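Everything on this sheet refers to the single structure shown next.
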């Protein structure tokens, strides 16, 4: 996509300026996406959850309340920040780092058509995995820096939970990579041209979704920030824009998970008749709606149950699954 | 607590899961509770002192706010105390009206329990659904009494108003709807929900000996396997002519306390249906002077309210106000046991166990 | 003569705002309007529910009225992320310090809604020994909701009133600069 | 059954009791001496499970304590009435015999200032530790000073 934009823009600008303009445009695109995606998904989430609960959700701000999250963001920007006895450096660093990670996810992930990247690198699947799973350290750091009992308990819970499920997540990704022989999402999609991987690897798919859920801390795995137990867990002392950054990175991760589900298991943009772009977005929206549902249906697990489940079932099963895939490939 | 290694976590009194203003001071080791202390009294509004300053008829609004999720039962209890002390007999229609309203209120109270229990284990939808069903009943209470949470419907010698016309036609579909939803929607959301069962089964077990030791009554007691219900054992309104079961469970954990309340809603619906069929016609109140004088006497009345056995002990000395009114709140007794049963469990269990006891702080602190 | 010269001097000293000043003032006003619009439509409450009014507050969040429609999101999170404190229920003397504590933890701009008769005048408990007869004694209140307890619709109305006050920039807090 | 208990109390306490009403369900037994409360509670323990409630009536300057015992098997109730006089507001605790009396006695200590000797954890329960006075006593008047006091200076 970079070369395409460069090609278009170099017609209008002369030699040194065209590169700069292209760079600026290429930066602005992901920034806009980072800003817009959470607003839209946040609205969908609220509205969808409200309908499950036979409420209406936001209705007043804009048509169907679609500007509700804009109002929230504006409010968060205008909010003062109070802190007491926090470790300033790490306190400010964590939201920025998490936002940067979600920014990079947006940069690296393909946007629904072959070659529609902001930045194309060969191992983008691995990179996206790393960016989604970078959080345990940051969460622990946030929990510690806030100097609050709730936050430190939440921080330890978050680190434990994500460290447990990261392993399962990478092993499930490995089995997909082994089957397709590549860490590049485009290649994985291309190798699913005839049959989706969800047919080959149904157990892997289920484990991927569960582990992905645990890693992005979405209900019912929102144990580190359990509202009814720890108020906001490791986010407890954050206010204003920094809290907004957390919400933003949560929704970006949620979105990335539903996109990855489609790329890895449901054939990405492959499909008959309709153009690739349309196929991908139809699949992604369906996947996202399904992934948004458990929050409104399931209660929260307890941390010990979650960790036991992770080590006793998920990890051995995923390793076994990997071995089986390897054996089949060898044969 | 001097040589502790862990953290002391202060949960409440302002916390989303403490049902008002309960305060728990937990001594933690990691995520596990080493020791826990209960602190109450954040809603102590001095109701027992206020009783000494109010006329018998003017105390009803304050009684409403004892257990504010089942206000009508509180009114009925205080009405019974005053009527027993003053020797007033109720007309039979008033007895039936009171019983119907008490059972409606019991369903509403249990629905609040289901909702808050659902929310506390992390299921926000359960909360919204329970309040949706409660709102339907609230409309009925509103049409009968004019009030919502604090209806002010019971007065000395009966009720303020008769039941409205079409009461039967309005109530029956609501009851059918609630029964259907409990058997279908709630079953899907709670009983058949694996994570919900995982979170509540075997958590916060109260066995028979703990029950007897602490004087726990009501659904929490019946969940531990003691079959006792004042509606059956010491019938007060018209309960002896009603046909209903007393549900019991054996295990005494949070899950069984939830199941007990689900079953009690079904039994209450049964009682209301029978009462609607048999309700006599006639006057709905006997005329009692607003300023009542009760001779020197000590009166004790206890009734089965939604939280357990609630009792009032009224001492009168011939004046216009009670000389002393002591209120026995059922949850006051069950909260103490939290210190014992929560030891060694996780933080998440605090929330589940506290919610399963269904405390209402207005009644605990009085 | 004296008077005239004074007038003249005053006219000399008065200077019209330059273009830069006007743009700055307009921009400031615009930013303030936008911020106030956002604040008015996104009131996340601390649910300071102590007693009976808390149940009606929960009903306000549930299906019948649905607080979410007007941007009142019951996140139940920490005071740090909230804008509005719904003091719903009697505040006793034991609770007073905790109320102030929670209130002080909220970052400004913050708004206070006092729910119910107890928080206006003491209501039923005006002559009790352990309640505070009206929380105006201890904090500044923006909107009062009457009723014992108020209906959920009254909460909706209070939020509407508060939103209009915010968006017309009519809320003055004496502690605006402190936190 | 309860009248059996009354007989037992009569013999066990060597006749230091007066029985007011004896209708089999609702007995009121008045103890003549407050020192007997512990032995009376031990005798009642056999037939009754819990201290249902403890009502204290301020007969200025004396206090009248009504211990109401109940059980889970039937509807029998026995009320044990003890008077304590103004020379010292102290009485033996029954919380060792009936654990359910624990918080009831703390409440009585809190609101009336009656001290229960031998209670394991006798602190105020409803009011803060540094709350002045015992509000449910008849000589405690709710004056304007009390009403206007916001309680912000309470430490606990």
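Labels A, B, C and D are assigned to the chains in the order they are written; within every chain, residues are numbered from 1.
Here, a residue touches a chain if its C-beta (ideal position, glycine included) is under 8 Å from a C-beta of that chain, and two chains touch if they have at least 3 such contacts.
Predicted, not measured: the structure shown is a model, and the values here were computed from it.
Compared on C-beta pairs in contact, B-C and B-D come out with B-C as the pair having more.
One finds 62 Å separating the Cα centroids of chain A and chain D. One simple way to say how far apart two chains are is to compare their mean CA positions; for chain B and chain C this gives 34 Å. Per-chain Cα centroids separate chain B from chain D by 25 Å. Each chain gets one centre point, the mean of its Cα atoms, and the points for chain A and chain B are 44 Å apart.
Counting partner chains per residue, chain D shows two or more touched chains at residues 127-128, 135, 142. In chain A, the positions touching at least two other chains are 53-55, 150, 227-228, 231. Shown for chain B are the residues in touch with two or more other chains, namely 16, 41, 44, 46, 49, 53, 128, 132.
Two chains count as a pair here when they touch; such pairs are A-B, A-C, B-C, B-D, C-D. By the touch rule above, chain C contacts chain B in their complex via residues 46-52, 54-56, 58-59, 61-64, 76, 89-90, 92, 94-95, 98, 102, 124-125, 127-131, 148-149, 151. Chain C makes touch with chain A in their complex at residues 34-35, 37-42, 62-63, 66, 68-71, 73, 75-78, 80-81, 83, 105, 107-109, 179.
Across the complex, chain D meets chain B through its residues 26, 28, 49-53, 55-58, 66, 68, 72, 74-75, 77, 79, 99-100, 102-103, 111, 124-128, 135-136, 142.
Per the touch definition, chain B reaches chain A in the complex via residues 7-10, 15-17, 28, 30-31, 118-125, 128-129, 132, 189, 193, 195-196, 198-199, 346-351.
Remark: chain D residues 127-128, 131, 135, 140, 142, 146-152, 154, 156 touch chain C in the complex.
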